[in-house]
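Given below, in the form of structure tokens, are the structures.
Below are two complexes that have chain A in common, paired first with chain B and then with chain C.
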Partner chain A sequence: MSRILLNRRNFLQISASAGALMLTPQLAFAQDAPVRGGRLVVAGDSEPANLNPAIVASNGVFFVASKVIEPLAEQSYEGKDGLSPRLATSWEGSADGLSVTFKLREGVTWHDGKPFTSADVAFSALEVWKKLQNLGRVVFKNLAAVDTPDEHTAIFRFSEPTPFQLIRNALPVVTSVIPRHVYEGTDIAKNPANQKLVGTGPFKFGEYKPGEYFLLKRNDAYWEKNEPLLDEIVYQFLPDRAAAGNALEAEEIQLAAFSAVPLADLGRISKSSGLKVYANGYEGLTYQLIVEINHRRKELADVKVRQAIAHAIDHDFVVKTIFLGFAKSSTGPVPAYDQTFYEPGTATYAFDPAKAEALLDEAGYKRGSDGNRFKLKLLPAPFFNETKQFGDYLRQALGKIGIDAVVVSNDTPAHLKAVYTDHDFDITVATPVYRSDPAISTTILFESGLPSGVPFSNQYGYANTEIDKLIKSAASELDGAKRAGLYKELQKKVADDLPLINVAEFSFITVARDTVRNVSDNPRWAVSNWSNVWLAK
Partner chain B sequence: MSSFRIGAALLLLLVLMALFAPVIAPGDPLAISGQAMLRPFESEAHLLGTDRLGRDVFAGLVHGTRTTLLVAFFSAAAALIIGSIVGTISGFLGGVTDIVLMRITEAFQTVPGFLLALATISVTGPSVPTLVLAISLGNWTQAARVTRAEVLSLRERDFVAAARTLGMRPFEIAFREILPNAFGPTASLAAISVATAILIEAALSFLGFGDPNRVTWGSMIAEGRTVLRAAPYLSIVPGIALVVTVLSVHLIGRGLSRTERLQP
Partner chain C sequence: MPPLAAFFLKRLLTALPVLFIVLVGSFLLLEAASGDAVDAYIARSGAMDAEQITQLRTEWGLDKGPLYRFGAYISTLAHGDLGWSTAFERPVTSVIAERLPVTLLLMSIATGLAFFLGSLLGVVAGARPGSLRDRILSTGSLALYAVPGFWLGLVLIVVFAVDLRWLPIGGIESIASDKTGLARLGDIAVHLILPVCALAMVYLALYLRLMRDRMAEIWRDPFVKGLEARGLSRRRIVWRHVARNAVLPAITMLGWQSAAMLGGSVVVESVFNIPGFGRLAAEAVARRDTPLLLGVLLCSAITVIIANLLVDLAYGKLDPRVRIGR
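What follows is the complex of A and B.
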């Protein structure tokens, strides 16, 4: 441990000299030119068994792996279509929606010295993204072949018309390219390189000590000249996750992403000198707090009951008390920040317990002699503190309108099995992720006919032919504006019929020492490659 | 004896608090009753403050006594009853029965009681009856061993021989003659059992394996832990309650073990 933790005495010297520098304005100004070198110590998040982002496209994996393995393009605040190039330099879809052409970056080498070519992209797409990846299976469902006319061109061919808009929006998340020469002819899911990553990114995989740290080292042969700026990144696992705030203050770590610092501590932290709180940099991974509903329960199959539940929830309380202001009330399955797809004119359900009670009476569920109308089994997902707190709140809110909700708490595997495989729930609290396009991981929450066991999908026994039809036609609609129109109509339908209830949108908070520069400079910052991050001395 | 009295007085107070919880703090202790994160003594309506969601800490504390004492006493009682029955049969019958029962006891003893409880709860799901079962599973072995040792010496006594000549059946002798005499030392274990049960219950709720529809001190501490720096009182208040309860039980146990009749 002590080998990689910063020695406190050294640190005091550094900060003392930094303090001295502040006194001379010119020198302090000179600090703002990027400096090379240094080690960034970050609070570790999870320790995924499979660290390969081409197979497991999840934020826990990306947090570490995105520095080593790169996608074709990354999200950006300024770039065209919200993208900036990475391994691809340009991308273009054909008018018939049957092909997409990528021009690939030249002069890129893998960390083991072999050149990066279109063959790697073709292999990753056909063998990994389409077959093995949780999200790629949906996006590249109709991918038939990848042509490689030369080493730096890859043409994706689809068997059915596939909207280019969707492919483009999905690029940052689903297109992590892995080396063909390492994986070909092996059992890809069990390849040791899934743990000791080989990529093209700005950092090479250094070392993994379970329970202690991940170490990433500078890739001197990175394609972007003069980057990366850091020598090393260390993901330090803290013995107590709640201790991230203390570790930042004690200067044991320099950065904690994904709200590792509890929201309740942010007020105090933001006042302490030398620390900065960033609420941006997570727009590309918006989490949604929703109430999932089991339509197999006869009471819940009645839309009036679902509307009553929606009227019983005080969004204001959720945002202000549970999320302490670090969230937004939501109106539907697409977050308001997404200007392409968001539909503002949907039905809304204001907090109104009296109306909720009236709706329940109308539906024929009168209060019994004990004051209750019926009982529900409530399963709050154990993913975040806030999901558990919202579960406790929801139980109270439903109690007020005469629905007796009994909380059942499970650990993560048991929760996923109970909800998405066994359907042993009445309502839940869940947190699906909106990933820049409704087709990536949002429509799956509404579409019927999915096999049981698929997590974060419609396992609610909900089937609506109109909604299914909208989802189906949007999946093959090539015109971007028309496609957005279909999703807007979907949002209206969903708001009227309430197959599930969207309550709030939240993302995360990064806290970093003010010496860490270029933090949160893109909408997926925590899971992007950090090649331009540097440490002021 | 004075430590016994202090302990008994404290425990009596806690039992009264548990019995009269609905009077002392009316309503659902989990109800959101005010502004969130009020500090203790900041508001008259919430003497000990409120938690992250605005639930009254005092109400949680009072109602938490119920869960804690309920689970603790029932699981300690279950452990003592199972333990003394197993111990009596084992000691009285001897031979193969003794060997088999004692190996089973040892098998249970090799697994830490807390782990056993954790495993049981994760299989059965948390509720008061399953908590009682889970905690007593790891707690009965001590009582079994103490009772067996006592029975082994008692069964050679004259009054047992007398009972035999009177024609009493073996099980009658074991449970009507021997067990009541062997129970004294086992009873002095009760205090330790109760204290262990309270701590295991608190630890289980702390880890999120308690009944989520009831207030427990362990879950209050666990929820307070996430805001330990901003609102330390949320963990400290139930923590103190836990200390006082375990202390009172320990004081009683110490007092009991000094009385002559219960000397092993």
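What follows is the complex of A and C.
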């Protein structure tokens, strides 16, 4: 509970510091009675060929698919453990960590009219999440069987003790349930239903026009009575950077999530009447701006050099100038909003170029006759405008302390290959995602011994037995508090040893017309089901 | 075989080596780019483990060498199949079939408009070289020619779609509108106004200049003096003799421009959010989708070849000296 309250306050503070920004208090609309009907047109993010969130648990897929296919539980600001029930009504882990019992919602039907039962959950878990899903393969690695004593109970059995805390935190992301009767006996990865989704959610899959839009239509038989409120949601694909802002102003679309409107345009957009800017609703998908380091480079293998780099970066400048206030300085791999796992007492590296230079001198890398100590190849990830801008900033910041960084720009596939397969970099700018539990996609940034080619993982040539041991024991620690303790220790260790440098945590911005109501009312809002979203007349 | 059909066939056959060079060249270029279709896929899915990655590479045939893959592509192509798009997870033919008509529509309207309006204004300017209206048109066209198409597109959007709201901001038709028949045609036409303008304006200036300059030269030819001496009306001289002679280089340009138009449509389609060929090509490169890119380039090359064929036929109609088969 306290975790959630704190997290709301945090984000109110962020947006207050952003100045011109108006974070809309939902209370202002409390008097309005929700209206049914209407079409919500949204700026589409991407056109995934495989739209099945049970297989591809990515934000691009969830943005559309979360309205059609539901998970067992969704994140919430108010709910116990930060969750609210969806297809499961309760979940209970056994003390030995070998089983988890889910009670499932009754009276739910698939969009094709068949009833939803525990058999669907068992099938999804064993055949899809565990075998095919990019994140599920980690979380459900030890899932051995799913018992279905009755139609509305599913008991997950694990071969090794598995922390219930992890399963619970992962529920919103990894447990999208798909219908067994549609998929059983087919090649699941190639089933046409991966495009024409069949789910239990508030919206049915309507139409896909390649290059133009996805259309979702109201599910009249949705289990939550009186929802959904909208008749249709349309995702219109807008590939041009300026398109979403223009389309919002021209009232051709009503909402742009995932910062489809570039930060630089927000100033202009927020002045235009009838548009609102929301900085919250993304806490559950916090991105982190980090500097990845290739420890195979002799100079970078020296912790003093890494500390010097950390001291050369002005977090305040990054937050205010690059992210225009829509970010927070970060201290480590767990974002501050996560009150369960966040460790505030880690070593920090204040912006101090003089100290950075002293550290470099100490490490034995004196300035040469040209004023430079050594050269580095810097690869900024091309994923966001901000990563490229930070790359330019970093080059200058390092130049001031005598490190000559040469920026190498690649497009996305070339960048991934250079960093995670070829290890052809010295430092990079990257943006890993924190997914509600360090074990999902955070610890692989530090763990050693991973095969090359695995993206967004420790391809840095970094190996630290203490850190590996911590990660290993946390993976099987059943006691939630102790497990959190291990991860807190991990944060302290990585802050001291700096295998990579955390600079800022950022999430996205939603811009919507003020007629769109109930925007950003949960921590994964853009990728949640929108059944309570409505359009005021 | 009728001479026209034989002519077409011959031209297509002589184009085969060109098509092959286009294929090899683009294949090599995409090979030279770092990262493959799986890398592009990983970036979109956010996280994947080593086993899944290997599996996907095998499934998409990326574990094989470039020579093997090119050979396999050529052999499927020989069977009349354009292969499998990894980005869309569908046959390339079906992806292209959706996009090609859109681009052809946009291109043919823009080219037609640029050619006819441009030549017409060129005749107006070239009818009296050095006159005031010639100077105004010549300067205006120079200014227009200097403007990049995408910038023009953005300005048109801000003025006519965002501020005035007279026209839609982008797309090829209203989304999910259930319009059919004439209503749908009208809807598409309205959506095409801005992109066609953005694409046509620049080329219009080109035709205007070409027509005008050639006409200015022809005026100095002795045969014009002869015509004048015979007492032909000015109007008749301008249209039947000077303009008709001057239009030939403009028609040659029309053939070349069909290729440039395809290139220009990449940018205009992105700015106006039109699901056409240009955007598809850009996407194919970004996602390292070799079969799709090769398919797009192959179809573009064939389009250009056909456009040039048509130009040659038009040439024959206008200039009896170059008529085919005689």
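Here are a few things to note about the model shown:
In this text, the second predicted complex is superposed on the first by the 505 of 537 C-alpha atoms of A that agree within 3 Å, B and C clash if a C-alpha of one lies under 4 Å from a C-alpha of the other, contacts with A are read in each partner's own complex, and residues count from 1 in each chain.
FYI, contacts are C-beta pairs under 8 Å (C-beta built on N, C-alpha and C of every residue); 3 or more make two chains touch, one makes a residue touch a chain.
Remember, it's a predicted structure, so these values are computed and weren't measured experimentally.
Look at A:T510: by the touch rule set out above, it reaches neither chain B nor chain C.
A simple residue count on chain A separates chain B from chain C, and the partner touching more is C.
In the superposed model, A:A264 makes contact with chain B only, not with chain C. Once chain A of one complex is fitted onto chain A of the other, the partner contacts of A:S176 are absent, as it touches neither chain B nor chain C. By the document's definition of touching, neither partner reaches A:Q254: not chain B, not chain C.
Residue contacts after overlaying the shared chain place A:A418 against chain C, while chain B stays out of touching range.
By the document's definition of touching, of the two partners only chain B reaches A:V407; chain C does not. Judged by the touch definition given at the top, the superposed model places A:T200 against neither chain B nor chain C.
Once both structures are placed on chain A, chain A residues 242, 246, 410-411, 414 are touched by chain B and, in the other complex, by chain C. Interface residues of chain A facing chain C in the complex, by the touch rule stated above, are 41, 46, 48-50, 56-61, 134-135, 137-138, 206-207, 209-213, 215, 232, 234, 236-240, 242-243, 246-247, 249-252, 383, 410-418, 421-422, 433, 441, 450-451, 453-456.
Within the complex formed with chain A, the chain C residues making contact are 33-37, 39-40, 42-50, 52-53, 87-90, 95, 98-99, 154, 157-158, 161-162, 165, 168-172, 175-176, 270-271, 273, 275-276, 279-280, 286-288. The residues of chain A lying in touch with chain B in their complex are 242, 245-246, 262, 264-265, 267-268, 317, 321-322, 382, 385, 389, 391-393, 395-396, 399, 406-411, 414. Chain contact summary for the complex, chain B toward chain A: residues 28, 30-32, 36-37, 52-54, 122, 125-126, 208, 212-213, 225-231.
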